Each structure stands twice: as C-alpha cells, then as structure tokens.
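Here subunit A shows up in two complexes: once beside subunit B, once beside subunit C.
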Partner chain A sequence: MDSATYPIAGGDFEHGGSASKRLKEMLKRLGADPKAVRRTMIAAYEAEMNVVIHALKGVMKVAVDPEQVEVAVIDEGPGIADIELAMKEGYSTAPAAARALGFGAGMGLPNIRHNSDLFSIQSEVGQGTRVRFSILLRRAAAMARAANSLVIRPERCRQCRVCLHACPTGALRVRGGRPALLDHLCIDCTACIDTCMMDALDMPGRGDIPAVGEESTLVLPNAFLAQFGPTVTAYEVVDALRGLGFGDIRLMEGWQASLRDAVLRHARDEARAKPVLSPVCPAVVNLIQVRFPSLLDHVAPFVTPFEAAREELTAAHAVFAGVCPAQHTILRAPNVLTRVDVVAPMVLRNAVLPRVRAGKTVTRDTEGRRPESGMVQVSGIQHVMSVLDQVENGLMYDYTVLELYACDQGCFGSPVWTEDAFIARQRYERAREVGRLLPYDDLFLRRGGAVRRTTPLEARRGLRLDDDMAVAIRKLSELDRLARQLPGHNCGMCGAPTCSALAEDAVLGRGCLDECMFLGEARSELAVHEEDSR
Partner chain B sequence: MNLSEIARALELEYLTPALVLDDNRGAGQGYVSDLLSDVLGHAPAGSLLITLQVHMNVVAVAAHAELAGVIFAAGRRPEQPVMDRAVEEGLPLWSSQQSAFDLVGRLYDLGLKGG
Partner chain C sequence: MKAGELAERIGAEILTRRRDDDVDIGRVYAGDRMSDLLREVSEGTLLVTNLGTDGLVRLVDLMEAPGICLVSGAGASEALLAAAEEHGAVVMVSPGSLFETCGRLYEELEGGGRRNG
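Now for the complex of A and B:
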C-alpha cells in the first residue's frame, strides 16, 4: 500500500489544488483507471479547496492499494455547525473573496459525495473538519468490494452439506468434495460458520494478540464484556485488557448509540421511505443489496457503527475484535490514519480469563451468592437448551427467575402465525400499553389465578439406555465403540441426526451402522490411524 | 472538428501558443459556467469550457476535470502566470470578444453539444 501526506495552506488560492495535483500524479504513476482518477481528483480538489476557503491550515492524507484510494482531508478551522445543511446543494458559507473567484457555489461537499464510493464527514465547531472518502480504482474492484471474508478450508470439509441449507442467499455449493462460494451472493453473515462442525467455514483473524502499547486503541464488541460468567464485572474485564497493554478501550456501544440517534433524526422527515432501515448490521445491509434491492431507499444513509468506528479512530494503532466476516471485510479497506490490526475475540477472551480469575475462587453453585438481577426471558428452543445446560452446570446463579419459551418470542413465534414473532410481540406490547390507558376497557387488566400443581413432575425416560443401570452401562460402552467407527460429522444422511444417535439406534436395535454412507471411508481412515499408531 | 478548426471558425485569440495543438484532438462537447465546483462536478471530460473566470484556479479545475480547453468570453484575459501554468498543464486557452451566450450559440452550430 502506498501512502502520502500533503499539506494544505488556508487562504492560499494561488496554490490551491496543489495537494490534489500531487495525488493525481501518484495515481497516474500507479496506472489507475482514468475514470477513477478523474472522480478522485474532483473529490480531492473540492475537499482541498474547502480547506483553502474556510480553514487556517489542513492536511491531505492518502492511501492507495490496487483496489481503492482512500483520502482524508483534515483541517484546523471553524468547523461546520450543521453538516446536513452543508451537504445540501447550493448552501455555502464561503466569504465574498472566494465567491468572486468562482467558489462558494455550495457544491463542494455534494461533489465529493457524488464522486466517491464511501464518504464521511465529521466536524467540531471551533476545532475543525475531517472529510474522508474512498474511490474504487477498477470496475473489477467494485465487484471485489462485494467480496467477503469467509475463510474456506476445503481439506476440513466432510461434505455434510448442512451449510448449504443454512445460507440465507444460497451462496454455497459443495462441488468435487469441496465447499465453494458464489461471491456475488455471499452477504458475509455467520449462518454457515455457525453450522459447520468441522471449522471448514470460518472467520479470518485467528491468531495471537498483536503487539500493543499506549498508542493502541482496542475497539470492543459489547458482547465481550458478558463472556466471563456471572461474577466478573465489566470493570475487571477492562482492567485486565489494560493489563494486556491497550492504551485505550472503546466499546461499540458508543457508535451504535450515535447511529440510533442519527437514524431516528433522519426518520423524522416525512419524505423518507418508511420504515427506515437502520444500517446497524453490515451483513443485513449486504442482504438488502443482494435480496431486497427495492428497499435500498429505506436504508438510512449512514455507514454501519463498525465502519464508523474504523473511520473515526485517529489513534496510531487500532485493534478490532471482529465477530463476523462482514466486519473483517470492513477492516480490509485501506486506512489512511490508523494502523489496523484484528484479533480473534476468543483469543482475547482467553488472554483476559486468567487475569480476571486470579485470586478469585470459582464457585459453581448458589452457595453464599445472591442473585443480582430478577427475571430473564429466554425464547427459541436452541437458546433454551443452552441456558438449561448452563443452569445444570451451576453457571446461572445471577438470576432469580428464568422464563423459558420454546418458540421465538414465546407463543408469538408459533408456526401457526403468519406475522413475524418479533413484530407480533411488539405490536401486542403496543396494544397493551394503549389498552392500559383506557379506563373503560379492562381487556388487558383482567387477571386469572395461579394454580398450584398437585402431583410432582417426574423424569421421563428420555436419554436412559436401559432401566437396568448395569445393562445401560454395557450399552453405553457399546455405543461409544460404534460411534468411534462413524465419521463424526453428523450429516444426517443416514436418517439419524448425529453419528452418536445412529450408534445409539444400532445399540438399541432401531437401526444399523451400514446406513452410514461414509462408513467405508471412515473405517479405512481408522485403519490408517491404527496403522500409524502401531 | 479539431480544436484549431473550432478556434478559426470562432475567430478566437489563442493565448497559449507554446502549446502546439494536436490536429487529432477535437471537442464534441462544451460546458459554460463560472462556478468552479459546477464545472468540476458537471463538465464532461474532454469538453470545451466557456467562462468569465480568469484566475489560476480555472486552470487547476480544467486540468482536474480533464477538459479539452478553456475559452474566456467577453474579452476577458488571464494574467501571464495563469497562461504559463496552462502551458505546463497542457491546457489550451483562448480569448474572445464575444459574449458567453454568442460563443455557445456558435459552438452549437458547429455541432458541439452539452454534457
């Protein structure tokens, strides 16, 4: 990547444009597409002249890689009080002297936006303004931008094909025994990664924590703070991260809240297509582009919080814990101001864990502990399963009451309904709020009773292999032996949901191992392993 | 129609004789504006610009927008440093006594169109 910094002098109309000219020469030397060069020059010249017209001094920073050029023009000047107004064509605060020279047409910022592929502006009155934009240098690069950060490790694929059905856009294929991706359909979400048991589909950025210091800012996903069980406080986690050497720690929350405010403001305008869609998740933005292009007008004109974080950071070094391929894709773009590193969230967690556990005994039961918060509702059968697992493991003693529902959003998520569970729930809550305010309507106010159970709940047969425990133990070891012969990728092709389920069926006489289409393969691999170990 | 032919037809005064005009280089489009951002944002690449602005920034804008050349209307003439800079940038400049309106009308008759 090439980068450069050019100074800009405020008020120097004679030399205005010299920074853009140097940028142009750089791009021409690099052999960039002439159309892209022209767009870059228009945007760069406007940004430069804004500094000349309005500010005391400024600087143009440029980074170029084969796919795109990124430019940041930062000034020390009066700042812009109302950015939205400044973005309107025809609005200008240029002084008469500048207008006499043909400037101040109120088209500078709109010109920059029209000619760039990504544009952002930040301004602080009395301090200065930062305009940042990037332009794709090749048409091919425009396609590459749709590219994603999904990592495919074909050698790990066991052809279970579960991912094929998980992908919301049908972007995956398994051909010739290898997973392959249709780039133009992939939206960079986590659906396939989530289903792949073999890690054949994965995210980039596994590895060590990069070297960090005082100049390093860590941008932390909110969820990170909640990965240390019920006893570790957020401040202990942050202290531990500081202990790892990070100079500053920023939570994504900050950018998410700002986006929410901005989108709500944007939506107040009656003219906007409703509902306005907040670009909070980059994978959803991609999804709208791929599958719902007719809704693009609804998407509020802001970059995602993650992009905003990347745009805004001025620290010399920023470390991001990307949690999805879409975030990794965002981080791949060149950055003029900051050296960007990526750390796998779980690598970071594992580094923090010993620090927050040090000097702390880990209790796995409720002994001597008072739950901190009252009730939590959990819905969706997968979530309910995982929460019950945690309760069984004694890791949920910070809650007094759990309300668990098998369907998403409780009975709002039953398949009998046509309305989406989240929306239906929201509508109901709204109706209830209104209903409570109507004194003559007791629809939502009338209550029934709570009825006490008279006979205790009993365990159902469930997972027990046999009523006779001695027999059950024998069957269990047989089950283990059979399961080891199976490939273990839980493809379901045999008709049983998992390999151990097929083994169980065989042990209990409900099925036969030969149903497994990979059995020969797995057996021969096993034979090789045994050969090796001899 | 190449640039020399256009200049002859409109009786333009050539301000940058140090630039030898390429007979293969023509202009099929034109643009008229005194607002530089407007020129930058809307003038088609390779077009001829008609303007009243005669200061240095016109050359910078025309070069950035990759225009074929600039005609100063209504008898306007830039100062020498501007012409020198135009030569450096390879940007031909002309001056004409005619108004911008008349210049555009005659260029239109010659077959030039807007962007």
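Now for the complex of A and C:
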C-alpha cells in the first residue's frame, strides 16, 4: 500500500489544487484506470478547494492499494453547523471572492459524494471538518471478485458434509475430501463455521492482542459485555479492558443506534419501497445482493454500522474484534487515518477473564448471590439445550424464572404454520396491544387457571444404557471400544446420527457396526497399523 | 470535428501551438461554475467559459480537459497555455460573447454549419 500526506493552504487560490495534482501523479504512476482517476480528481479537487475557500489550513491524506484509493481531507476551519444542509445541492456559504472564481455553487460536497464509492463527513463547529472518501480503482474487477474472509483448513476436514447443507447460498463443496468455496456465492455469514466441529471452516484473526496504548481505540461488539457469566458487570469488563491498555473503548451500539434513527427517518418518505430493509448486518446485505437482487431498492442507502465505525474512527490506532467473516472483509480495505488491527474476540475475552475474576471466587455455589432479574424466554431446541446445560452446571443464577420453548418463538415456530415465526409473533403482540384497548373485546383478557400437578415428574429412561448401573458401566465400556473402531466422520450414512450413536445401537442390539460404509476401510487400516506396530 | 477547423468556422483564434491535429471536438459544454465544469469534462468536449486562469489550469491539469474556448476576446495566461501544452489540450479564444460563441458552435456541430455551408 502506498500512502502520502499533502498540505493544503487556506485562501491560496493560486495553488489550490496542488494536493490533488500530486495525488493524480501518484495514481498515474501506479497505473490506475483513467475513469477512476477522473472520479478521484473531481472528488479530491472539490474537497481541496473547500479547504482553500473555507479554512485556515488542512491536509490531504491518501492511501492506495490495488483495489481502491482512499482520501481524507482534514481542515482546521470554521466547521459546518448543519451537515445535512451543506450536502444539499446549491447550498453554499462561500464568500463572494470564491464565487467570482467559479466556486461556491453549492455543488462541492454533492459532487464528491456522486464521484466516490464510499463517502463520509464529520464536522465540529469551531474545530474543523473531515471529508473522507474512497474510490474503487478497478470497479469491474472489484464487483466480480466477491470479497469474503472465510478461512478454510482442508487438512482438518473430516468430511461430515454438514456445512454443505448449512450454507444458505449453496457456496460450499467437499470434493476430494476437501472443502472448497464458490467465491461468487459466499455471503460471508457464519452458517458453515457454526456447523463445523473441526474448525476446518473458520474466521481469520486468531492470535494475540496487538500492542496497545493511549492512542488505541477498541471497537467492541455489544455481545462481548455479556460473555462473562451472570455476575460480572459491564463496568468491570470495561475496566479490565482499560487495564489491558486501551485508551478508548467504543461500543458498536453507538453506530447501530445512529443507523436505526437514520433508517427510520429514511422510511418516513412515502416514496420508499416498503418494507425498508436496514443494512445492519453486512452478511444480510450480501445475501440480498446474491439471492434477492430485486429487493436492492428496499435497502436503506447507508453503510453497515461496522463500516461506519471503520470509516468514522479518527484514532491513530483502532482495534476491532470482528465476529464474522463479513466484518473481517470490511476491515481489509485500506484506511488512511487509522492503523487498524484485528483481534479475535475470544482472545480478548481470555485476556479479560482473569482480570474480572480477580476478587471473585469462581464457584458453582449460588449462595450469597441474589438473582438479578426476573424471567427470560428462550426458544428453539438448540438454545434450550444449551441453556439447560448451563443450568445443570450451576452457571445461570441471574434469572429467577426461565420460560423455555422447543420451537423458535414458542408455538409460533411450529412447522404447522406458514407464516414466519418471528413475524407471526410480532403480529400477535400487535393484535394483543390493540385488543387491550378495546374494553368490549375480552379475547385477550379472559384468564384461565394455573393447574397444580398432582403426580411428580419422574426421569425418563433417556440416555441410560441400563437400569442396573453395573450393567450400564459394562455397556458403556463396550460402547467406547466399538466407537473407537468407527471412523468418526459422523456422516449419518449408516442411519445413526453419529458414530457413537451407532456404537450404542450395536451395544443395545438395535443395530450393527456393519452398517458403517467406511468400516471395512477403517478396519483394514487398523490391521495394517497393528501389523506395523508389531 | 477537428478543433482547428471548428475554430476557423466560428472565427476563433487558437492560442496553443498545437493547432488542430489531435483534438477532435464532438460536444460543447458552456458554464462558469467549477463543479459543473469538473463533472462535464470528457474526451471530445470543448468547454466554453468565462472562468479565470486558476480554475482553467486545474481543469486541464487534473481533469485533462481537451479543449477550452475563452470568450469575448479574453487573453489566456501563460500558466494556462503551459498547462495546455503539457497535456496536449487546445485553447482558443472567440471574439464573441459566451452566448454568441455558443450559438455559432451549435450551428457548426448540430446544425450542419448553415452559416458557412
């Protein structure tokens, strides 16, 4: 990557444009596409002249990589009181002297926006203004090359093939025993990573925490604060992070809230295609581009909060804890103002953990800890399983009551319905709100009773191998022995969900190891191995 | 149409040394606002304008405007001519006003050159 900083002198109309000219020379030397150079020049010159016209002094910072040029023009000037007004075509506060020279037509900022692929402006009255934009240098190439950040470790793949069915766009293949990605279909989501038990599919950014200092800003996913169990407060987490040396910590919430406001404002216009889709998740934006291009008009014209954070941060050093491939892809773009580092969220968590635990004994004993809040609803069988696991392990004592549903969104998620569970639930809630306002309609108000159970719940046989514990122990060791003979692909071809389930079926007389199509192979390998070791 | 031929037909004088050979004019844009001119520059576009030297130099230097037509007999600065020579642009000056010059250009390029034809 090539980068440079050019000074701009306020009021110097004769030399206004010299920074842009130096940028142009740089782009030409690098062999940038003439159309991209032209767009860059319009944007750069307009931004530079804004400094010449309005400010005392400023700088143009540029960074170029083969994909794009990124420019930031920062001035020490009067600042802009109303950015939305300044962005309006025809609005200008330029003095007569500038107007006489053909400037001040109120087209500068709109011109920059029209000619760039990403544009942001920040201004503080009395401090100055910062205009930042980037232009794709090889537009066609950039569009064709679907950027994604999925990391594939073929050597770890055990060919369970679960990922193939998890991918929403069918972008994965397992050929020759190795997972491969069809780049143009991948939307950078986490569906395949989530299913891969072997970490053959993964995200980049594992590793150490970069060296940080006062000038470092950490951009934190909201969820990070909730990764430390029931008793550690958000304050303690932030305190521990400061202890690691970060000068400033910003929560994604800030950008998400701003986007939500902006999208709601945008949606007030009657003319918008409804429903307006908020570009909150970059993977969903990718999904719409790949699978639902007819809905692109519905997507509100903003970048995702994560991109906004990357665009807007002015700290010398920014550290992002990317939680999905899509965020990692966003971070790959060059950044002129900020040195960007990426840290794996779990690496950060493991660094915070000992600090927040200091002074707290980690114990499963809930004594002395009062539950903090009332009831929580959990739905979807996988979520319910994981929550029950935590309850069993004594790790959840901050909720007094749990309401657990096997289906997503409770009975709204039953397969008998045709409406999406989330939407149906929202509609029901809305109907109930309205129903409560109608005193003559007691549909929602009539109560039934809570009926007390008379016979206690008893454990069902479930996973027990035998009612007699001694027999069960024998069966368990037999099960382990058989499971070791199986290849561990958990492919399901035998009709049992996992290798260990097939072993159990064999032990309990429900099935037979011969059902395994790999076993001949595995046995002969085992035989060879045993012969070798003799 | 070659810039040299076009200049001759509208009664303009070419100020750059390079007379006509390389620059082909197919389109005219007239205006005095920098933002408009920046946007309208393209290969084959002659810019007709009252704009002062500094802006014109940038249009040639940064945007590589291929042709500039000054109006009302205005003189061209050294800086503009130097930039034009460097980038192979043509600078011409028309004796008529912006309005009159545009009228003549329109006739030549769109109206089939009725006056001279």
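Methods note: the second predicted complex is superposed on the first by the 499 of 534 C-alpha atoms of A that agree within 3 Å, B and C clash if a C-alpha of one lies under 4 Å from a C-alpha of the other, contacts with A are read in each partner's own complex, and residues count from 1 in each chain.
Please note the rule applied: a residue touches a chain if its C-beta (ideal position, glycine included) is under 8 Å from a C-beta of that chain, and two chains touch if they have at least 3 such contacts.
These figures come from a predicted structure and were not determined experimentally.
Asks: Using the overlay on subunit A, decide if subunit B and subunit C clash or can fit next to each other.
Replies: clash
Asks: Kindly classify A:G108 by the partners it touches after superposition: subunit B alone (first), subunit C alone (second), both, or neither?
Replies: Both: A:G108 reaches subunit B and subunit C.
Asks: Could you say whether A:G176 touches subunit B, subunit C, both of them, or neither, answering first, second, both or neither?
Replies: neither
Asks: Touching subunit B and also subunit C: which subunit A residues?
Replies: After superposing on chain A, subunit A residues 13-14, 16-17, 20-21, 24, 38, 41-42, 45-46, 49, 101-103, 105, 107-108, 111, 114 contact both subunit B and subunit C.
Asks: List the residues on subunit C that touch subunit A in their complex, please.
Replies: Spelled out, the residues of subunit C in touch with subunit A are 32-39, 41, 51-52, 54-55, 57-58, 61-64.
Asks: Can you check the complex and tell me which residues of subunit A touch subunit B?
Replies: 13-14, 16-17, 20-21, 24, 34, 38, 41-42, 45-46, 49, 101-103, 105-108, 110-111, 114-115
Asks: Please give the residue numbers of subunit B that touch subunit A in the complex, ascending.
Replies: For this pair, the touching residues of subunit B are 34-38, 40-41, 45, 51, 53, 55-58, 60-61, 63-66.
Asks: Considering the complex alone, what residue numbers of subunit A touch subunit C?
Replies: 13-14, 16-17, 20-21, 24, 38, 41-42, 44-46, 49, 100-103, 105, 107-108, 111, 114
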